[in-house]
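Heads up, the next two complexes both have chain A, just with different partners, chain B and then chain C.
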Partner chain A sequence: MPLLPAVLLLVLFLAGPIAYCVYYAFTDMQLTGSAVTHFVGLANFTKALHDPQFINSVVLTVVFVVGSAVIGQNTFGLALAVLMAKASKPVRQITTGVVVAAWVLPEVVAGYLMYAFFFQQGSLNAILGGLGLPRQNWLYTMPILAVCLANVWRGTAFSMMVYSAALDEVPQELVEAAMVDGAGPWQRLWRVTLPVIRRTITTNLMLITLQTLAVFGLIYTMTHGGPGNRTETLPIFMYQQAFQNSLIGYGTAIALVLLLVGAVFSAVYLRLLKLEDD
Partner chain B sequence: MRTRLLATAAVAAALSATLAGCGGTAGGGSSKSIKVIYWQQLNSANKIQANYLKTQAAAFEKANPGTSVQLVPVTASENDFYTKIDLMMRAPSTTPDLVYEDTATLNSDVASGYLAPLDQDLSSWSEWQKFAPAAKAAVRGTDGKTYAVPDETDTRGIWYNKQLFAKAGLPVPWQPKSWADVLSAARAIKAKVPGAVPLNIYTGKAGGEASSMQGLEMLLYGTPAGSNSLYDARTKKWVVGSQQFKDALQFVKTVYSQGLGPTPSQALSANFSNTISDDLLPSGKLAMDIDGSWMPQHWIASGDKPWPQWSSTMATAPMPTQNGQAPGQVSMSGGWAWSIPAKARNSSLAWKFVQYLNTEQAATQWNVVNNTIAVRSDVAADPKYLKSVPTNAFFTGLVKHTYYRPALPVYTQVSTAIQDAMESVTTGQSSVAAAASTYDSAVKAAVGAGNTETGGNP
Partner chain C sequence: MALTDSTRRLSLRQPRSKPKPGRSPAATGGLSGLRRHLASRLAVNGVLLLVSLAFLLPLLWMLLASLNAHADFTLSVPSPPTFHNFGAVLNTTTTFQPMLNGLLLCGGGTLICVVCSILAAYPLSRYRSRLRRPFLYTVLFSTGLPITAVMIPVYSMFVQVNLIDSMLGTTLFLGASALPFGIWLMKNFMDGVPLVLEEAARIDGAGWFQVLWRVVLPLMRSGVTVVTIFTFIGMWGNFFVPFILLLSPEKLPASVSVFNFLSAHDQTQYGQLSAFSILYSIPVVVLYLVLARRFGGGFALGGALKG
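== the complex of A and B ==
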């Protein structure tokens, strides 16, 4: 009985919209162009599978997630956390401040800053030119790399903070024992620290993967998904189908696929964690 | 137990209150007030329509005591503007009473049931006879009913810089006879005026509808297939796999791959049209620009880039047909119009305001301040209108050989496919043939393969 209001609220505001969303994905609902909505079964999904633009988006999404989150944010975050554990207090505070600043910025502001950094007359080219290195039109010649780097810049703080907290929990005796046994810094990291924090690694991977899958504003601000469709990840593709081509049904179906991609990544991480525990 | 029950009841009560708030009469409005939605461009320096409507609304309120006109600008990119008004018109609680839309999107909104037919009101409105037949056709739905009152149109041609032409040794006045003439002029500029961009033709998705209309369609409708090059009105089928479409793409590819246009990265950047009107043209860095009749609105004293010398620097030429075949020139037209949403709560007052905005005097003033082409015969002949901008007579003359886009609901998707094809040849990502075949499959997916035909026959 006391749970009833909470359950009602949840059903109304959480389950309701989700159920609606799932329903829309099986209809041909349009924002404009048709007054009636039909149930079309799996038509939206088969359409997606035969759409080369959609396949392109899935590939780019995987590249973006693996490149910027799994490799970029994760490795940099861990590296920063390890280095900072050994650093003096002022260095630590300054580094944390700088890295976290990128993270607390609103997404659109971060996207705009990154645009200003990468675009043809931007700061990156100014720096490269100053060093006598060749300039590049980053957003045009290698846009997916540019947005990956932007996402690494923006998201590393999260991994860094998670790992900093985890490193504090590594028992000092273990590390010292390994040192006495003659293990070098790499061996200590690889054989002592990482196994101890492996649960944190999995949790962190799962969180940043889901965050990165949902990145829209950053890419949209920097490239609009272009040039061509070379940075058109699933969220951008979905937006374009739903709100530019007015195909709400198709767009919603793509959103469901995005959900599925997230689920696949999560399942892999959970499985890895389980394997290690056994 | 009792307190728990009470708490439950309280929450339930609060919940239903919230619900009532969501679906209720928020935004309300007495029978004496109307909500009018129009598009405020992202370029906030352009307040022409805002200022015009403000004075008209104030005068209307004065003439009709007790009424109130609530003007709601939607500040967004053009695509987002349509998304927002579509969402507003879906529900009675958010719908405006009057909305200003591009005629190209009209049929799509008619098919959605968002707009109310105006035939009954129009039949008793004597001014309606003075509207040009082509403009009336542009606001007629596929069901034959009329859904809007247009108050402007536009035409497109080539703007060129006389000083740069003189430097390149090209004749002024200049009249290209074919696409080849345009390209050879661009090559002359490239060779003799270093630092100047020879020719701009809008391309890619960032340009949006400007790429489709000022870009590819200006070429496509100038091929021998003419009015049947994109959509065959006789068979009611969309044209795919045509040589004409490839020819038009080839023109775009030539411009961008041979350095006759802006750099691809520049052309594909967002807001490039502002760069053209406010920077490249006024600073004399662009020799030719395939663009619309409205360009001077940027350059007049109240525009966003006042440039008094424009009328002595810039000249205009009609866009030639592909090989110079009759009628020798081509133009595309659009135009905006006032519609009353089907769910509007105060459509009678909205209709009164539409009439107020479309008296001869108001229409002349609007076409003059906004530098648009008149749709009323009396305004088109008015010396005040013809003399207000030196190019008005030229662009009004293009109306003879102009085309309107196929105003069908799926047009927006076809237009996106056009922009994709243009972008991929501009970047060099695809060959012309590959881009055309991607376009074909996108069109088939959007309209259904049964609604397409192979061809492009004249």
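== the complex of A and C ==
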């Protein structure tokens, strides 16, 4: 059976850890020492609900996902794709090249570049100063905005490519018919183009939500979750609890929450795709 | 311009920006339409160039800093430009060993992923069975799961079976974590290979493996290339997995060593850090260019978005 190697690997390395995750989440397992692990029921979850740091990281995760993916990457990617359809060829090539370059770079390199960009003596403040606008220490005054913008810089290319492909498939007759009926560019976008690519919009939203939910390296490189815990999204909080505070059980409970949120989005994504019947 | 007197003809909104003479009047449908078309195209191009500039700045900084012997976070042109930073990082500990480790981990992981995807995609694409749909659903469902969340249980599991700090264990995990997407993409490419040739081979008495190896694979070489490159790029940039599963400095791939470099060094070394970042990014940029050049822009994303 040729399926065997794949199934074996998937069971061992993905299904296994997920099952473990469910189990560990209900224990008080710790990293240090060989102390006995106890089954503690829902204690980790009740602890989380009463932990202001956990609540903080849930809020930050929502801000990060909504701000940088749903609003940032999605809207900006769509806007770029719409504009590129109207631009001249060299401009289109330049834009694609630069935006995609930010996407192709390894996560840590992107984090490093964004750290340099938002740093007090970095490029952003140099530009703001040049324009006569107030400078500030972005990574300290608005760290969550900085990591959101960093994620937009890094991830917009994906939405842009997805939407460019979708826009190519919008039937030209529809657009022309709307034009003849006297619809302006905005109306054409709202009433014709967007309804036609509706399905692509939802699937893209699902995918970038899932990607952004899992972002670790970018934020960790830029801020380590700080200053304080002001950029501590769920993956970072999970990592710190498990490895810096040695609370594997608690960290796993947080991982399980993250996994469940991901699973919900993934299930919606699955429904949207609806495999062909056979 | 001579076009002005005809602008009143249409009732549609007038362009806000001043029309400038364009070199290639490509538009159709009336002179005012042409004028508006040129003006809006100019505006669109302007906006896009500004966006490009904003996206370019961080990349430009990296490039200039790498050539600057006294680099800091300010965007400045090095005078004179020097390759000193590259020289300083091109040694075994800083660059060659992490790159080699990355190559072993990601190359191994990619190989595992691609081979298993091909084997798994074949029955999924060719045979109809009761297991097919549930399996495909599971695969697709797992492409969405945040791998980040599994890392802590994976770590605990690896501790128990003594696989922590093992290159082999990490390679296997990397391969497995890329499998759902690999299988899905591979299956979609395989669906595109016509059945007719296969049937001929079957009549001649070939088994499934021979059919797969001799008939199907040669016909989907570009699909396999896309999956391979895509998987490799994903692994090469992956930071969290090796960061958690590997401990010894001499086993770390570039994705983790660049991070350690980043947090351990003082401000005077931004030039070297940038030089190393560039060296570390080159393989994926080159692979991406190959992909984009040979298979077009939005290529592989179609597989993730279409059922």
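Everything below uses one rule, namely that the second predicted complex is superposed on the first by the 251 of 278 C-alpha atoms of A that agree within 3 Å, B and C clash if a C-alpha of one lies under 4 Å from a C-alpha of the other, contacts with A are read in each partner's own complex, and residues count from 1 in each chain.
FYI, contacts are C-beta pairs under 8 Å (C-beta built on N, C-alpha and C of every residue); 3 or more make two chains touch, one makes a residue touch a chain.
Model, not experiment: these values are computed from the prediction.
> Between chain B (first) and chain C (second), which, if any, makes contact with A:Leu167: first, second, both or neither?
neither
> Quick one: name whichever of chain B and chain C touches more residues of chain A.
C
> Once chain A of both complexes is superposed, is A:Lys47 in touch with chain B (first), chain C (second), both, or neither?
A:Lys47 contacts chain B only, not chain C.
> Which partner chains sit in contact with A:Leu189 here, chain B, chain C, both or neither? Use first/second/both/neither.
Neither partner.
> Report for A:Phe216: first if it touches chain B alone, second if chain C alone, otherwise both or neither.
After superposing on A, A:Phe216 lies in contact with chain C but is clear of chain B.
> Have a look at where A:Gly228 lands relative to chain B and chain C in the superposition and call it first, second, both or neither.
A:Gly228 contacts chain B only, not chain C.
> Would you check which partner chain A:Ala116 touches, where first means chain B only, second means chain C only, and both and neither mean what they say?
second
> Now for A:Val70: first (chain B), second (chain C), both, or neither, which partner does it touch?
A:Val70: touches no partner chain.
> Thinking of the overlay built on chain A, is A:Leu145 touched by chain B (first), by chain C (second), by both, or by neither?
Once the two structures are laid over each other on A, A:Leu145 reaches no partner at all.
> Go through the superposed model and pick first if A:Gln30 touches only chain B, second if only chain C, both, or neither.
A:Gln30 contacts chain B only, not chain C.
> Please identify the positions on chain A that touch both chain B and chain C, taking each partner from its own complex.
Residues 1-2, 4-5, 9, 12, 243 of chain A touch both chain B and chain C.
> List the residues on chain C that touch chain A in their complex, please.
11-13, 40-41, 44-45, 47-49, 51-52, 55-59, 61-62, 65, 72-75, 112, 115-117, 119-120, 122-124, 128, 133, 135-137, 140-157, 172-173, 175-177, 179-180, 183, 208-209, 212, 233, 236-240, 243-244, 254-256, 258-259, 262, 270, 273, 277, 280-281, 284-285, 288, 292, 297-298, 301-302, 304-307
> Could you list, by residue number, the parts of chain B that touch chain A in their complex?
Interface residues on chain B, with respect to chain A: 4-5, 7-8, 11-12, 15, 79-80, 82-83, 86-87, 105, 108-109, 111-114, 204-206, 264-265, 268, 270, 409-410, 412-413, 416, 420, 423-424, 427, 429, 438, 445-446.
> Could you pull out which chain A residues touch chain B in their complex?
Listed in rising order, the residues of chain A that touch chain B are 1-2, 4-5, 8-9, 12, 30-35, 47, 50-52, 120, 137, 139-140, 224-230, 240, 243-247.
> Given the complex with chain C, which residues does chain A contribute to the contact?
1-7, 9-10, 12-14, 16-18, 20-21, 24, 29, 80, 83-84, 86-88, 91-92, 94-96, 98-102, 104-109, 112-114, 116-117, 119, 121-123, 126-127, 153, 158, 161-162, 164-165, 182, 184-185, 200, 203-204, 206-207, 210, 213-217, 220-221, 235, 238-239, 242-243, 248, 251-252, 255-256, 258-259, 262-263, 265-267, 269-270, 273-276, 278
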